[in-house]
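The chains carry the letters A, B, C, D and E, assigned in the order they are written, with residues numbered from 1 in each.
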Amino acid sequence: MADTTPRAEAVPRARLSPRKRQRISRGIQYAVFAAAVAAVGFGADWASLAEYFADLDVAKEAFPELITVALKNTVIYTLSAYVVGFVLGLVVALMRLSSVAVYRGVALVYIEVFRGLPALVVFLIFGFGLPVAFPGLEFPFEQYGTVAVALGLVAAAYMAETFRAGIQAVPNGQLEAARSLGMPQTRAMVSIIIPQALRVVIPPLTNELILLFKDSSLVFVLGVTSLTTELSKFGGDLAAEHADSTPLVLAGAAYLVITVPLGYVVRRLEAKQRKAR
Amino acid sequence: MSTVSPAAPAVEIVGLRKSFGDLLVLKGIDATVEPGEVVCVIGPSGSGKSTLLRCVNLLEQPDDGKVIVNGVELTDPDVDIDAARRRVGMVFQQFNLFPHLTVLDNLTIAQRKVLRRGKAEADAVAFENLEKVGVADKARVFPAKLSGGQQQRVAIARALSMNPQVMLFDEPTSALDPELVGDVLGVMRKLADEGMTMLVVTHEMQFAREVADKVLFMDGGVVVEEGPAAQVISDPRHERTKTFLRRVLDPTHQDPT
Amino acid sequence: TDSGPTSGNTAPGVTLAEAGKLKTCTNLPYPPFQFTQGGKTVGFDVDLLDLVAGKVGAKQEIVDIQFNVIKSGAALNSNKCDVAAAGMTITDERKQNLDFSNPYMDEVIALLVPKGSGITSLDQVRDKKLGVQKATTSLDYATGKGFTPTEFEDSGKQLQAFQSGQVDVVLQDLPVVNEWLKKQGLSDKFEIGAEIETGAQYGFAVKKGGNGELLKTINDALGAAIADGTWARLYEQWMGSKPKSTPGK
Amino acid sequence: MADTTPRAEAVPRARLSPRKRQRISRGIQYAVFAAAVAAVGFGADWASLAEYFADLDVAKEAFPELITVALKNTVIYTLSAYVVGFVLGLVVALMRLSSVAVYRGVALVYIEVFRGLPALVVFLIFGFGLPVAFPGLEFPFEQYGTVAVALGLVAAAYMAETFRAGIQAVPNGQLEAARSLGMPQTRAMVSIIIPQALRVVIPPLTNELILLFKDSSLVFVLGVTSLTTELSKFGGDLAAEHADSTPLVLAGAAYLVITVPLGYVVRRLEAKQRKAR
Amino acid sequence: MSTVSPAAPAVEIVGLRKSFGDLLVLKGIDATVEPGEVVCVIGPSGSGKSTLLRCVNLLEQPDDGKVIVNGVELTDPDVDIDAARRRVGMVFQQFNLFPHLTVLDNLTIAQRKVLRRGKAEADAVAFENLEKVGVADKARVFPAKLSGGQQQRVAIARALSMNPQVMLFDEPTSALDPELVGDVLGVMRKLADEGMTMLVVTHEMQFAREVADKVLFMDGGVVVEEGPAAQVISDPRHERTKTFLRRVLDPTHQDPT
């Protein structure tokens, strides 16, 4: 089909060129933003905000315990639970990939239950249900041990899925290449598949660290002393004592100081992996 | 086949330059496609062929130089770029059919939303073009149900449905199984015979030799050699062109580098 | 650390969850019984149990925990602590899960209302939002009267919710309310509308059937403190008034 | 290189053929499992377990309120927060992709803060900090409104990232194809990109529903009545009352009845999408 | 080139059947590769070529039939399959180099862990084979830094490092840029000249015509036609073979189907 449209039908110039149109649209958006800022600026009760969210006197009281006790304990809870979750998660993941059906079944139930329940419910059952039923039950390192196991149980379910996904993310061709060189299954897993899977799981495992860090805010239901308190309870109690949210804001800032950079690292790693593929 | 007219060129590219970050990809390209002419662009991977094509319908913004299509300078910042693009059809290596729309809707959505054609007219144009590429029976199915060759023919029909004055093809058969390449090249040959103006990036030397009026050989962001198809492919002047063609045309007679 | 029954205490026969420590479960803040002041937990209950700690040669340590696991016995049964002390009322229901000491104070609960509202009884606030602390006798009392009060995790949150208008009136133990009203600005806005004597009494508790020796030590210490006037002195120090009645008399 | 290895060097038969070796290894694994089951079976105090985790008398008391009040409220909280999070999340996602830098900045800070803080801390600041600072503050529908907004604020941050990822997951070639047909940017977004992005985000959005369902277990910190209580508080209180974990087990089961099938649906959808690519 | 010996065949396939679920992919294949022979398998997509190859080294478990390599029946359930696989080298379309190991380690890991060779010996074998395929200078880099052609040549060298008695190739050049195909085919031609026994699935007809001793044309899970390369490719007997070859060899002269 020869194109019979007359050449003369020139391309119309836009009444407003895209460049101009964009400039106008952007102007409107800035205006909306400025209006919103102004509304907040005049509407908000700045005096109240400063008094209740940034009260220096109250803030002073929070230190140094906010760091030396609360943040320290939060980090201890998180890391110890991470270790428990990592080891248990690896075991569950291997069970999940086992050739023995009952292991797969047990692992599946474990994962489904612990991913499906709120951490709070796990803590309540674990922290009070079990000890009431079995009065002798004790964990090493007292509070720290109890928290590590309770939080670790929840983390293990997520980590098990991460490990499994990591192993399955290694292209099948890798295993086939290894087997076609005469490597037995176990050797191929150890030398070829697992080293590659570990790289894949670093970002989700770091993400799990962030989630655990936040979940550690729930250990208060297990009961804590002034020495084993963590960030959210410390901030919450001090806030209640003074009827002033400044300590909570400080505790929140302490969380962000850890979670935001870690989140950034996770996204960098993920982007790098996407590019490498 | 070649119907060179005394009118202005269909596509005129003048001093086109484009870089991505520090990488200068097009180092001043000049080229012309006359109305009704078929121009093939060949060259090694990374030489800038796709970038050149994408600059012609401004999918990439050139850093410098002019692109003039049927007398309208697309690189003029005040031109209505959406209106201008409608005159230029583009076919991609990866087909890029809209997977959430049926074949028919793939062909009519832009007609209706952009050209504001009514449903009856849009459908008629769509079926006419689906007939032309030989997949009219697939109008009601989704792209995922089609073979690669069928998908690419639908993509050609979709571009044709906007009544473009020029068609750009970027390696239209590279993603296809060898057995399916022929169908698509057949459609392109038919289009050329009907007088469509075409600018084609391809590795199919046989197609270039038989169908193209002119061949450009690009390497390292410049046009190294340019001329009638028979001459450039069968009797290249430049050493780099010779090496490239020897590798592509006769892959088995060669030692590892 | 030792686990389970241990020796190493000076008082013969008393076993502690952790040698050298008398662990007390409570729900903070609960002024004037237990609350944090200058980084330390102080209060009436704290001082009374310090007497007990002295007798067993241990140091008191406070474990802050939800009140419902204190009253259910779970906190004690799971060895989180040796004794529960949280301005806790002795009730028949709780006796099924805990072994209570002799009472150490009579319970009175108060209805705190906005100043000048003229409210003097619970019946006047049927259409208002009532705030109580989770799992307390105030909650039981209000539900018994047909209310569905909003329950807060601890007395601190209860007060904050009241101050910010999320609830209209609150029900709480009188000593706690008295302590609140000492806070700057609160007595200008709020007042006690009614005091309700429930006829119940406060007591400490140990693990059900698990620690008779400790319970005896507690009762001995309480009896001695009441007898020698220590109890009355501490009462006046923390409650701000002389005791109207003396438990066990 | 002609192969000069003598043909006679036959492939050795394994002393134990792989089939036999596998049978033995599997036998060992089953034996280990049986031993573990036996250990648990004899070691556990079944009477205690039954009494404290499956006490029929206590269970009877939990009904029908467990369903008619607690589960109902949990669902109401979750769904209302989901709606708030969806709308707010879409707005934040569009701000995040805006050409105006301040919008991108505001959206980024919002996302980072609300993803970085434990939900508990958000609830505490939101439930007690704000009302104390601004005594007039009230939400419609009382408790339900407060929870919807508090939980919705947290959900919005996650959903915003989901929407953004969904839009960016649509291959660039789709936008290019649409633009090369002469569609303006907005038209291409509406007709081509967003319909495809919506399909991509269905699994993560369903996942977010699961997370919200679990996070609703935290609304107790905002203060609830016996009419607005939800699963975990209901189960926890009843468990404390009877010093028996059966109600908690029932509440946990109620969570699982919702989360496990939803999780299954998510994985089915994800697998389908992976295959479609 | 063809050095048919009186000894047993290098590969013998008898009545091989394989299905995936309900899909019967191989419907009873019989084939023989003599020592030193090069056999090419051609056929349309989905005809079962890859499955056949993968059954030969038991990457897929056949449902029925026998595979005998150098006198050892691999399909015998009591054979040590890992030991047997070492005698058969395989080269994949997607290269499948180990991305976390350097080129050298890709070549030595199986030698050391499976054949238990010492480091010095494994390195020597690796370098010898890297020389042979022309990428010895890349021994210390990671696969991601290599072009597709270089990766495939490394993959060939990796397989050779195990001293296989037979080499299997599954479309070794299909994933390569056209310009890079020649290098890999050159290496394969050299291997064939040196007397390696090879079973090659390929779409490169020129290679098959020039290098293969025998060509099998498969379609729909059966061997449709089998014979000397020149005969099957230049003068096919069966209609389906003719259609296939016309499409592959002359893609431009064809109407859309």
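Here is the rule we use: a residue touches a chain if its C-beta (ideal position, glycine included) is under 8 Å from a C-beta of that chain, and two chains touch if they have at least 3 such contacts.
Heads up on the chains, UniProt names are A, D = Polar amino acid transport system permease protein; B, E = ABC-type polar-amino-acid transporter.
Please read all numbers here as calculations on a predicted model, not as lab measurements.
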Starting at chain B, fewest touch steps before arriving at chain C: 2
Maximum centroid distance from chain B, chain identifier (CA atoms): C
Chain pair whose interface holds the most contacting C-beta pairs: A-D
Equivalent-chain rotation between chain D and chain A, CA atoms, steps of 5 degrees: 180
Whole-Å gap separating chain A and chain C, where each centre is the average of the chain's CA atoms: 38
Euclidean distance of C-alpha centroids - chain B vs chain D, Å: 47
Centre-to-centre distance between chain D and chain C (centres being mean Cα positions), rounded to whole Å: 39
Residues within chain A bordering two or more other chains: 128-129, 132, 240, 243
Per-residue overlap in chain B, given as positions that touch at least 2 other chains: 82-83
Residue numbers of chain C (touch at least two other chains): 69, 72-74, 77, 157, 160, 163
Parts of chain E lying in touch with chain B, wherever the complex brings them together: 44-45, 133-135, 153, 173, 177-179, 181-187, 189, 203-204, 206-207, 210-211, 244, 247-248, 250-257
For the chain A and chain C complex, residues of the former touching the latter: 65, 127-132, 135-138, 140-142, 220-227, 229, 233, 237, 240-241, 243
Contacting residues of chain D [partner chain B, same complex]: 171, 173-174, 176-184, 187, 191-192, 195-196, 199, 276
Residues of chain B touching chain D in the complex: 57, 59, 82-83, 85-86, 88-90, 92, 94, 96-100, 109-110, 113-115, 144, 155, 158-159, 162
Chain C residues within the chain A interface of the complex: 1, 3-4, 18, 23, 25, 28-29, 35-36, 39, 41, 61-66, 69, 72-75, 77-81, 154, 156-157, 159-160, 163, 183, 210
